[in-house]
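Heads up, there are several structures right after this.
Two complexes are shown next, each including chain A; its partner changes from chain B in the first to chain C in the second.
Let's turn to the complex of A and B:
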């Protein structure tokens, strides 16, 4: 729980950076991330080697946006278990020989496992690059400019703002429980009702108070979010510089 | 439960993205009329954050020694209603995907469908609410929670299996994957149901109005439908759409598989231009050899005339789990045909059920919100 709060904070700190990537228009980054992920996912099961050039994108971006490598590894660990499970099952079910390297035959299953892993890496990276270089409110403002209904964007925004608060609350409750619980590692199942129920009730009450306070201070749902700067030629250039080579690699090369 | 980008094909990912986006749009549009007032929107956001925090609370599962956490979508639907809960879950899943790498951007649509649409828009209005129609008591609340949780998780597990299967990235045979996923999620669903019940009973004791207000009572409803009627109409619709879909399926065999094959074909076209042509060429050769050697291979029979189609079919065979509905691992096995057929039928049936399940609650939900707003 504490690690999640730290992770969130780390990402927020990173998103507040001032590199060239950070200054790009949110729409350019969103579009690029989406195109990149779709192109990555569209590769076939055994296209491990053809995907390799795609690795340039995350590495170059990380270097330019000054992102640390450690954070990315921890996030990759979250995405891996399921991919690894499916990939290993491919190794078991897909026994055909793909090619031989110096006398060692590589099976199709191993090739597809490698492909899944590299895909997982690329997809996680491009989503991370998006949130680590764009503050969440800017992403949401962009969604509003894209005519996503106001109520949805607001739910997203409040959920994001409260995640930290509620996590802290849950953490202190867990700590209190553990301190009084005689060295238990996790809650007993029969205590879950009161525990989570209490958390919910507290959270709802708090939301009502905070919302009332926000209204008192003049917060309104219908104020349009200001764009920090218009979509500039540089933004278009960035999008093209990533998407066109990626598409060329995918479809022409 | 979170699906990952790496195991999805773009067709499945984007398709489910469109489905979920439509569900979100419809929910928001319907909510605009009644219960999503300004006061309720922050509540939905907080509810999302609470579910997120609730998922972080680990508890020990008795008699197993392991610990688990709740998913919380049934819980949320019970507390704030299906539509708002759905939007809250959408927010949670998006934040998890963006900030914590649980699932991916391409998989977001699938995840929203599995953990949002199924429990909040399907199970909640069709199962949870009808079960509470006779009034809220601890026993009814518990029964409704357990049944809804088990149903939600089983349906979601089925959806995960189906979507992974349709994507054709992971090589697991559908039946094997399903026989692994469904029992596991039955247990998870039971635990989830018991915990959800405990939480709801607690909340009901502390603040009865939270649950009673969101659960329509029989006396207040003007046009209440019985659970039996709903289930019967659901079954009829599922079967009808199943028939329609299987007709479609027989005239256009495996649209998705075809799309995957098409993509693979193009990939191969370019693949042979560069150094890795051997890899795929060999794969094709093998799959084709298997397909032709096996007399029961249906697709391979008709495509001797067209080289391109031949190529595509062979490639599709090398990319599908059940190439031409014969197990990849053992093409000699006659039983494989039967099992593959069964699995295919089940898959189509499940898909048709899903279509039916999605259609009814949308209609019903609309009626419900209107009748709720009335009194």
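Let's turn to the complex of A and C:
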């Protein structure tokens, strides 16, 4: 549980960086991520070789934004198993021969699995890079400036803040429980109901106080703060530098 | 000026938490709001900034009358420093947290930056600028919470238990900080020594009612304090 809190905080801390990528307008990064995801996801099911040039993009971005490879790749690893299981069914059902290497036949299902994994890697990395280089409040403010329905933005904002609040409360309650738990390391099932109930009540109470503090300092769902700076030529250049080559690779190469 | 007149606040279940409270604080004045736990100090503060709705009465702060459509203007004039800094600090860095208010109140990037730097300098915490608020000591968190409120330059400051969680050194440092702040200050606290060091007037709250509004001599009136549960 403590590690989950640390992971959340770690991404927040990364987003507060001050590199050239961090300083870009949130719209530029959001648009780039969206275009990149749409383009890579639109490749055919056996096109894994054509996706290869895209593999470098996340690493270039991580280097320029000074993001730690280990943390980002760890977060990526959490998402890949789901795609692996989804792709395994293709290996079982799509048995047509694609090609043979040294007498070993590679099936279309294996190609399909490789393509799914590469697509998942590229899409998840693109989203992670966006989150790790743009503070969450700026992302939400940008969504509101783009006229995304307020109810959707509110769900994102509340969930984001509330997850942290609940995890922190859970951590302190778990510590208190263990200290008086007579050496028991885990929460006993008979205490689970009261524990979870208390956790919800305390989390709700804390979230309400945080929300009050935000309102006192001018927070209003209906009034997004202006962007830190207007969309500048550098933002347009970045967007073009990523989107145009990606589109050329997709439609021309 | 902060003018509170016949203010009554009730919870949704009908229980009255603050009843008929009235007082006026003039520019430069620093007053203490004392009272036992549950006397209504925090509720009064939340009602002054419009977070809790009032049942009746009025609040006039920095030239703005508290109404539904003046909340934003009023909150720009009145800064509330919460009892627990963890409730107030929620950003990734001290800079981002202090910048939250000015950005929300619509200041430009340059103005926001200037205000953050000024608030950091005013409290002598420039070295904490890029630190995570979560990793600060309680004293540092308290100073950051005050800087976060100072950044949008309110005319009136409300402090809810500012010395809670602080060691004697941090408390002494906070006394110096308070002396340097020119705004109208209303401080809710149980710390009578801190009141003596920082205030010139004392408001005593008992079960939601203002039972005394006097000079510092109130602190020596043991009977009045004991009657109010202190």
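Keep in mind that, in the parts below, the second predicted complex is superposed on the first by the 203 of 253 C-alpha atoms of A that agree within 3 Å, B and C clash if a C-alpha of one lies under 4 Å from a C-alpha of the other, contacts with A are read in each partner's own complex, and residues count from 1 in each chain.
Please note the rule applied: a contact is a pair of C-beta atoms (placed from the backbone, for glycine too) under 8 Å apart; a residue touches a chain by one contact, two chains touch by 3 or more.
What you see is a predicted model; the values in this text were computed from it and never measured.
**Student:** After the superposition on A, what does A:135 contact: first (chain B), second (chain C), both or neither?
**Tutor:** second
**Student:** In the superposed arrangement, does A:206 touch chain B (first), chain C (second), both or neither?
**Tutor:** Both partners, chain B and chain C.
**Student:** Could you look at A:217 and tell me whether it touches chain B, chain C, both or neither (first, second, both, neither)?
**Tutor:** Once the two structures are laid over each other on A, A:217 reaches chain C alone.
**Student:** Applying the touch criterion given at the start, work out whether A:15 contacts chain B, chain C, both or neither, answering first, second, both or neither.
**Tutor:** Only chain C; A:15 stays clear of chain B.
**Student:** Which partner, once the models are overlaid, touches more of chain A's residues, chain C or chain B?
**Tutor:** After superposing on chain A, more of chain A is contacted by B.
**Student:** Let me test your reading of the model: by the given contact rule, A:233 touches which partner, first (chain B), second (chain C), both or neither?
**Tutor:** A:233 sits against neither chain B nor chain C.
**Student:** Show which residues of chain A both chain B and chain C reach, each in its own complex.
**Tutor:** 161, 206, 210, 214-215
**Student:** Spell out the residues on chain A that touch chain B in their complex, using ranges where they run on.
**Tutor:** Going through chain A, the ones touching chain B are 1, 4, 7-8, 11, 33-34, 37-38, 40-47, 49-50, 75-76, 78-79, 82-83, 86-87, 89-90, 93-99, 108-109, 111-112, 116-117, 119-120, 123-124, 126-128, 130-131, 149, 151-152, 154-163, 165-167, 169-170, 174, 184-201, 203-204, 206-208, 210-211, 214-215, 221, 251-253.
**Student:** Show me the residue ranges of chain A that touch chain C in the complex, using the header's touch definition.
**Tutor:** My answer: residues 9, 12-13, 15-16, 135, 137, 161, 206, 209-210, 212-220, 223, 225-226, 228-229.
**Student:** Which part of chain C faces chain A closely enough to touch in the complex?
**Tutor:** 46, 49, 51, 72, 75-76, 79-80, 82, 84, 87-88, 90-93, 95-96, 100-101, 103-106, 108-109, 130, 132, 134, 148-149, 152
**Student:** For the complex, which residues does chain B have touching chain A?
**Tutor:** 2-10, 13-14, 24-25, 28-29, 31-32, 36, 38-39, 41-50, 52-54, 56-62, 67, 70, 75, 79, 87-88, 90-92, 94-95, 97-102, 104-106, 164, 168-173, 177, 191, 194-195, 197-203, 206-207, 210, 263-264, 266-268, 270-271, 273-276, 278-280, 282-283, 286, 319, 321, 328-329
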